[in-house]
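In the two complexes that follow, subunit A is the common piece, with subunit B as its partner first and subunit C second.
Take a look at the complex of A and B:
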């Protein structure tokens, strides 16, 4: 009768393995071939593609750019998202209105909103410069200089994804137990001490989970970049995914892009594991 | 002191609210502009600052060479997202229930490893999968079809469904299943008669997340379909790269993000009742 358990697990597992394992194995195999637009086919050239990856400064620069972009955007999202969640956690006026509003951006399609943001950052016709001028700050060449384009992408990422952080943290706050707060109130702790000694430690596991989830999603950034800047100007906003996309699906260097993908995937998994461990050590109380 | 604190708090909330609302208001205002209103610089308020025109919205609903076809992408997006979500939730719920109630073992692989395998698929960057998916669908003859996209989206959404449902079932006491099984149900019977009817909150949350991530995906639709099938995000981005006027683009963008905004109300509802906490964590 406990054969029944396979009825539950197997359908999903088989489908996922079928859809995921083949592409992964295929990518590994292709990464050892010279498959490109001139010679499509699975020859074997050993580790030559990987040797090329190590010398490809454009790839490593894109990875550095991605790290800066994803870490800074996730930190901003965390700080803002936590502040917003705390603000609408307890009874305040228009609480439900704010909560709904703060969730809205994560429901919208990133590429579609990027199309809108591109018109907002338009240098002569867009409102971003218009508003800056109105408050006397002068204009910014949003999408045509490297730093400004990077900041534009960062702004859009924060707009789009702070709501997700807000949602995870608010769901956590809502589920916190009441007793520690009563104890803190009896001790006469003020709001800042209550936050530092009760709320923040209780939220630590949720904080870690939320930051890791967001880092995973942020590490895939490429759609915003594709629509807003196409990686430019030059390569100023080119992230790893976008660079691999250019090599693979625009230049059709299938073999080389597979090697890039695998290198990228391995680096991603290792660094996320390390970040998770470090966060856990920093925020969770030692056991035993 | 307290009033100052409150004033700062509400000011901050208002500031963030305007930042969130701004792109929507800008798009709404732009969608009623014509060429004159656009090229004379940034303006915001119709009648006062520019003369409103309905050509942006008209271009979405007129056929012929000047019109933009929004009906087909809309239907395609809906069909792909809804079917993939239903399949992913069905498979994901079964798998999550299995993993939360029974012990599986294959060599050194145990329940936790299988769970991790499901959820870790979210780490996979889409670009890694795009080329193999392309060749796989080409071999199956599913390139540029709705079925091919559904297949790919199931893989995309399954981890989300499993993630939400495992947590949800973890919070349903096992005694409930055991009671049903004492009554003579086999596990399958217990699941369908007792557990499933009590799982609506979890299923709704899983469904919302699947709809959000399915409807909003761009990359796979972009790389795996070309001319026959077009999903909404791809349709809009392809307009973005051509010389499409801002007014049509804005109207199209607004109409494509509108349905999912309703989900925000649903999520808030769950949040206020406190039942989201068990389902996402």
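Take a look at the complex of A and C:
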């Protein structure tokens, strides 16, 4: 009779195999083939694709760029999100209105918003330069120099995903116990001491969760880069996922891009595990 | 140290629709130990938070030694408050935790060290000073919470809001003893909120019983036990609760149907519904022939180790409980006699105490 349980598990297993296991195994198989636009097919060429990955400086540069972009954007999101959450945490006027307002960027489609931001940053037509000019700061070549383009992408990322951080941190703040705050008030702690000694330690587990979730998401950045800069100028804003996209779907080097994807996957798993461990050690009290 | 006075203080959480604390006047004398006792939601914590300044009363004034402090904030009042769940600063060591209130107030370093050391000594935390506070046990954490209050030598009063709830029973006794010792040594006023009556009775010199935002009775534990001011206090204090039987006045005598109870009562006519009340502890179980109060059938015998609680049914289906510490050999179904001395029987009219049976003659 216990064999019946497999019958009930079947739908879930089928879906799991279809959407995760099969594509993953297939990607591994493809990464050992020379499948490209001239010779489609699953031949076997050993580890030559992986050897090529290690020599591909453009890939490693894009990976470095991605790490800088995701770490800095997530940190900015965390700081701004925390500040906003603290601002609307206590009773203030129109609190409900602000809470909804802060969530708007997250609810919009990334592609659409990237198009709008591209217009804002347009060098001769966009309002960003108009405003800078009006206050006498001169124009900035937002999307045509490397550094400025990188910062533009960073701004849009922060704008788009701070609300998510805000939401997670606000949920955490709302669930905090009241007693530590009462005790801090009686002990005579001011707002800064209260934040450092009460709020921040209590929020540590939520902080770690929020940062990890956002790092995973931020590493997949694609739409913003694609729409705003297409990785340019040159390769100044090209991230890993965008580079893999170019190799796979523009050049149709399927075998090679599969090898890139797997390398990327392994690096992400290792680095995020390390980051999570380091954050936990830094922020969480060690028991025992 | 201060004499704390509440003048017409009342509080409502919803702008006057319901009162969590009904208007009351009250004085907490300097250096005494008080217990606030009452069921959940009776306004105990509200009263405490008003005194400590975490809550501003919607009506009335609060005076410390005659100085109006109604509008000053918690940190300005020199009140220490200990909460139901121990609050520690988890990133700090025990010593840093104890020093925190002084650091916040900008005390000089050597004075902080001296005060922290003496408080740690008093609470028996000296060994643990450099230990991270988060790794302490619950009762040690609660000691640290208390220590943060004691470390300020000018503290006016210590308010304890059910501080022993999370503590093991054996430790409870120890902590209570420590609190009393602190009270004796430093003469700090202590207000202890609890819903555990034994805790209240053993800790405090004076017990205040509250219900629905009102003070029901205030007095020494002995008074509350022997002469409850109303039927609520009779029910609430004591385990099992006081026995209440309805009585009637006829021909100048107050008597209780189905019992031998009868006292002269010339001045009780027209006093409304009259009840007599007596503690289970004051019921003596005797031979049916020798009984001065009634004969009854034993319904149930609960042996609690040291004491035995006997549930009895009187004629007319009245239930009375007796508590006895002597060895009890009878069983359910047996018939026994009940004796209650007249000076142990309280009289109530419409729920309020009007006297004692032996004073009626």
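Here is the rule we go by: the second predicted complex is superposed on the first by the 274 of 288 C-alpha atoms of A that agree within 3 Å, B and C clash if a C-alpha of one lies under 4 Å from a C-alpha of the other, contacts with A are read in each partner's own complex, and residues count from 1 in each chain.
Here, contacts are C-beta pairs under 8 Å (C-beta built on N, C-alpha and C of every residue); 3 or more make two chains touch, one makes a residue touch a chain.
From a predicted model like this one, the values you see are computed outputs, not experimental measurements.
For the composite obtained by overlaying on subunit A, subunit B and subunit C can both be accommodated side by side without a clash.
When the two structures are aligned on the shared chain, A:71 is found in touch with neither subunit B nor subunit C.
Of the two partner chains, neither subunit B nor subunit C is touched by A:279.
Of the two partner chains placed around the shared chain by superposition, neither subunit B nor subunit C is touched by A:151. Touch criterion met: A:103 reaches subunit B, while subunit C stays clear of it.
Touch criterion met: A:180 reaches subunit C, while subunit B stays clear of it.
In the superposed three-chain model, the partner touching more residues of subunit A is B, compared with the other of subunit B and subunit C.
Of note, the Cα-centre angle with subunit A at its vertex and subunit B and subunit C at its ends comes out at 80 degrees, rounded to the nearest 10. In the superposition on chain A, contact is made by A:201 with subunit C only, not with subunit B. Of the two partner chains placed by the overlay, only subunit B lies in contact with A:87; subunit C stays clear of it. Think of it this way: put the two complexes on top of each other by chain A, and the tightest Cα contact between subunit B and subunit C is 14 Å.
Interface residues of subunit C facing subunit A in the complex, by the touch rule stated above, are 49, 52, 54, 73-75, 79-81, 83-85, 87, 89-92, 100-101, 104-105, 132, 134-135, 145, 148-149.
Per the touch definition, subunit B reaches subunit A in the complex via residues 9, 12-13, 16-17, 19-23, 26-27, 30, 38-39, 41-42, 44, 91-92, 94-95, 97-99, 101-102, 104, 114, 117-118, 121-133, 135-136, 151-152, 154-155, 158-159, 162, 186-188, 191, 212, 215-216, 218-219, 223, 232-233, 236-237, 240, 246, 249-250, 253, 256-257, 260-261, 263-265, 267-268, 271-272, 274, 276-278, 280-281. Contacts from subunit A toward subunit C in the complex involve residues 177, 179-180, 182-183, 185-190, 193, 197-198, 201-202, 285, 287-288. Within the complex formed with subunit B, the subunit A residues making contact are 1-2, 4-9, 11-13, 15-16, 19-20, 22-24, 26-27, 30, 80, 83-84, 87-88, 92, 96, 98-113, 115-120, 124-127, 129-130, 159, 167-168, 170-172, 174-175, 206, 209, 216-217, 219-220, 222-223, 226-227, 240-241, 244-245, 248-249, 254, 257-258, 261-262, 264-265, 268-269, 272.
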